[in-house]
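Encoded as structure tokens, here's the structure I'll be asking about.
To keep things simple, chains are lettered A, B, C, D, E and F as they appear, and every chain counts its residues starting from 1.
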Amino acid sequence: MWIYEKKLQYPVRVSKCDPQMAKYLMEQYGGADGELAAALRYLNQRYTIPEEVIGVLTDIGTEEFAHLEMIATMIYKLTKDATPEQLRAVGLGDHYASHDKALFYSNASGVPWTAAYIQAKGDPMADLYEDIAAEEKARATYQWLIDLTDDVDLQDGLKFLREREVIHSLRFRECVEILKADMSTKKIF
Amino acid sequence: MWIYEKKLQYPVRVSKCDPQMAKYLMEQYGGADGELAAALRYLNQRYTIPEEVIGVLTDIGTEEFAHLEMIATMIYKLTKDATPEQLRAVGLGDHYASHDKALFYSNASGVPWTAAYIQAKGDPMADLYEDIAAEEKARATYQWLIDLTDDVDLQDGLKFLREREVIHSLRFRECVEILKADMSTKKIF
Amino acid sequence: MWIYEKKLQYPVRVSKCDPQMAKYLMEQYGGADGELAAALRYLNQRYTIPEEVIGVLTDIGTEEFAHLEMIATMIYKLTKDATPEQLRAVGLGDHYASHDKALFYSNASGVPWTAAYIQAKGDPMADLYEDIAAEEKARATYQWLIDLTDDVDLQDGLKFLREREVIHSLRFRECVEILKADMSTKKIF
Amino acid sequence: MWIYEKKLQYPVRVSKCDPQMAKYLMEQYGGADGELAAALRYLNQRYTIPEEVIGVLTDIGTEEFAHLEMIATMIYKLTKDATPEQLRAVGLGDHYASHDKALFYSNASGVPWTAAYIQAKGDPMADLYEDIAAEEKARATYQWLIDLTDDVDLQDGLKFLREREVIHSLRFRECVEILKADMSTKKIF
Amino acid sequence: MWIYEKKLQYPVRVSKCDPQMAKYLMEQYGGADGELAAALRYLNQRYTIPEEVIGVLTDIGTEEFAHLEMIATMIYKLTKDATPEQLRAVGLGDHYASHDKALFYSNASGVPWTAAYIQAKGDPMADLYEDIAAEEKARATYQWLIDLTDDVDLQDGLKFLREREVIHSLRFRECVEILKADMSTKKIF
Amino acid sequence: MWIYEKKLQYPVRVSKCDPQMAKYLMEQYGGADGELAAALRYLNQRYTIPEEVIGVLTDIGTEEFAHLEMIATMIYKLTKDATPEQLRAVGLGDHYASHDKALFYSNASGVPWTAAYIQAKGDPMADLYEDIAAEEKARATYQWLIDLTDDVDLQDGLKFLREREVIHSLRFRECVEILKADMSTKKIF
């Protein structure tokens, strides 16, 4: 089970009302390689992955929920002072017509999140490469998002998140090595 | 952010290996009215709901993740000793072909979870009735699941979960009243 | 069965060619809380709902088809004189590339309608709260749409439709009370 | 707008409780080539099709709703006396876990209906061939369904529906000829 | 099996960087009536169609992959020199946030391709009318795309593709006649 | 463009009519990690991947279409002599109701293929890890399929396909090294 602590993992600041960037950030909220996908992917794999790496999946999966909350906060801050007219101007009129300024788990094009984005195979190597790929893809998305804004406050948060994906990718690679060593040991004896 | 505590909200016990019930329980794991849908729905609405009820959404949303973990544990326990042959016999051969015994966020028919199941309108009354309806629907699913098994240990866990949905429904109804009172007060002055 | 009567439930007028508003109105044509979703939801629940409220579901479900036709007429009138260039300018170039000016059951973002938006549980209370929530959500969408236009003729039609949703919500709440009274009576004897 | 008349287009009879056939009939309720798809496809195309054939689309679209009601009645009659155990035995345990005996717009595999099944192009010939193809596909489905049952009462209703699809296919082919003649006339003068 | 030949079926030229048209062309890459849908539809039907027409399905299906490659090349050429800012300006910022300039099988609105767009019924007439309709719909899309651009080089490629669809439609109509003749012959003897 | 050669990459044999296995094999036809997903994923990434590895993507993507054809042939051979009754018995009655014995791009649960299963990020490392993960997941699926059958002829074909995935995974890992070396060289000068 989880306990909620009322603080963000890392402070979220934005320099201005920028609904256009909010739209793009939805990619990391409800998109294919976003934080929701990441959190759900890792936590779901815990039941059939070898015991040695369950802890890593729990840790990273839980952290991804904290990232999801950071993205939500960014989107909220970037849109809270926007008028309907401003939302229309940046292509969020469709979002507004359905959700007003509420958030929703859809990607930047408005496509609702689907579990088809993620996978769990019950094969440890397949699952870990799924996870490494996920982190590499999330890293790329953060790069494209950083490229899309000149708001240094927002960039600061996005860079923190990008950096975490790099670290997660390394941790999953370590898990691969741990399991390989483990399999090799088992084969010997 | 969330902190993981390595225990279940309520103990999960099953009396026997029963992959058939595991299949049906997937409805509450990755189905339309399941625990994933519930958790994501409430936590997402927090940014535009009036401040008085944010805490309720956070509390219940976080608890639903604990429920999701209970369901995952039930499914795992019901299938962990099953042979591929037993999985085939109960209509889980398709799941096995893709996922082996790994869990996945699909419903009992194998349809992947989609955010189209949930909604956020930015209108407090609409959002709260969405939530009340969600709890009523989850309650119904738990009832149908209880009807489908004679495993008293499993029923015990399912009855706990059903009961929690009833309590959540009541809490969301209270939120409606709080907001109505609040709106009425504001109108007067 | 149904008989078609060649008239609209309420007259539809628009003051000008406004493809931008047409795009937003698609939310009520093929969106999550739109008239298609409403009509299909209610008519589908009729087979397992208690007899006392079947008539209400039939009436409202049939009326929602009339609303769907009103929305279709609005979208048609708002776009019929638009050039491809005007459609492009308001973000309907993608719609035009696939559909020309034909209507389609997708939401304002272009996502096709899916039955995942609606539900039927076979539990009368769950089904009726699903319906109340649906009406509250549709009411909210009409509000956001009214906010997005200054065309008073269009607003007139949208206000009529919003008002109907309010009335439907009340009728479904009455159904809840009827069924509660009925269940309570049955328990006594 | 539509007016509901409380009778079926053609009487629906079934000889026995047969949830297995009910499962297969869902293909014509919420499947790709089912009655819902048909009704929605034709009624939606009315706004951009040439005036000469709007009436055909309205007539056939409205009739398809009557067919949808017939299919719903068949499914209801085939399942109303089934126990949960009987539903499990025929692979409807997953449906029961979510919907009890309520109907739902999913196909025989449990996949929710999506508007991606249908199309509207704004080009009269493309739209009419879409419609002819739809009728041919529905005819085929009715054939496979008739092959799957030996219930002569049920077959009687299914044969009526299959026959209607054949007639609709012919009517859409006539529309093609009408429009071709019309286009040819217009070219001459 | 297939052998790749490193050339395009027909030369692809574009006069200018035009990410707006690239966005619209995605309709024929990953949209409902696009080249991917066409290729996959025909090749899949080969196993149950009468032997006389298998060759036509293989030929046309294989050609559609060549068309898919032409569309991909068009999209690539229209976007390769665009800055992120230019992509934003034409409503491709959402695509960029997820995919940078990589292609993806989604339609012009960003909705991922789904097999729900196509069908195979095992009934030769139904399958062939599905195919005729597909060609008519693709023809219409090419017309709308040609209408959306004034780039004569791009129009040249699009006109070639439109023309091919017309020819394919005729070939599928011939297949209908061949099978009708065949069925009639078989009935006589 | 591609040229069709009328032979299979590797001979496909099956020992018996086995519609149950056919159902499971659909996972590799229209499932998340199947051959369709593989072919489309690699061919789509060619436009933004560095030139050094385009050839590998073309080769492997083209080969995956040959694998898709092998899987199609297996499914066809396993079902061609089955009666509707036999299809019902193994849970393919739903497939039959819609498709008769025609193939379709859905997974073993009947869920239509969606491009949401695959990704292209425009970042070479992210794309190549996506591809490595895809091969590892496909390898796992082939293992689960081999475990589900005792037909040695079918196993022979599946083992060939599994082996190819292992080889593809190695080739994509080599591509990673090539690009790393290349990036490192570029950085030096």
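Criterion: a residue touches a chain if its C-beta (ideal position, glycine included) is under 8 Å from a C-beta of that chain, and two chains touch if they have at least 3 such contacts.
The shown structure was predicted, so the numbers you read here are calculated from the model rather than taken from an experiment.
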Chain F reached from chain A - shortest hop count over touching chains:
1
Comparing E-F with A-C, the busier interface by C-beta pairs is E-F
Where does the C-E interface recur among B-C, A-E or A-F, taking recurrence as more than half of the contact pairs being identical by residue number?
A-E
Whole-Å distance, chain B centre to chain F centre, using C-alpha means?
34
At what distance in angstrom does the C-alpha mean of chain F lie from that of chain C?
42
Chain D and chain E: spacing of chain centres that average the CA atoms, whole Å:
28
So chain C residues touching two or more other chains come to 32-33, 91, 98, 100, 106, 109-112, 114, 116, 119, 121-123, 140-141, 144
Can you tell me, using the touch rule above, whether these chains form a line, ring, star, complete graph or other shape?
other
Can you work out from the touch definition every pair of chains that touches here?
A-B, A-C, A-E, A-F, B-C, B-D, B-F, C-D, C-E, D-E, D-F, E-F
List of chain B residues in touch with chain F within their complex:
84, 88, 91, 93-98, 100, 106, 109-112
Applying the document's contact rule, which stretches of chain F touch chain A when the two form their complex?
32-33, 114, 116-117, 119, 121-123, 125-126, 129-130, 132-133, 136-137, 139-141, 143-144
Per the touch rule above, chain A residues touching chain B in the complex are 1-5, 7-9, 30, 36, 40, 44-45, 47-48, 58-59, 62, 65-66, 69, 72-73, 75-76, 98-106, 112-116, 118-123, 127
Touching chain A in the complex: which residues of chain C?
20, 23-24, 27, 31-33, 91, 107-111, 140-141, 144-145, 147-148
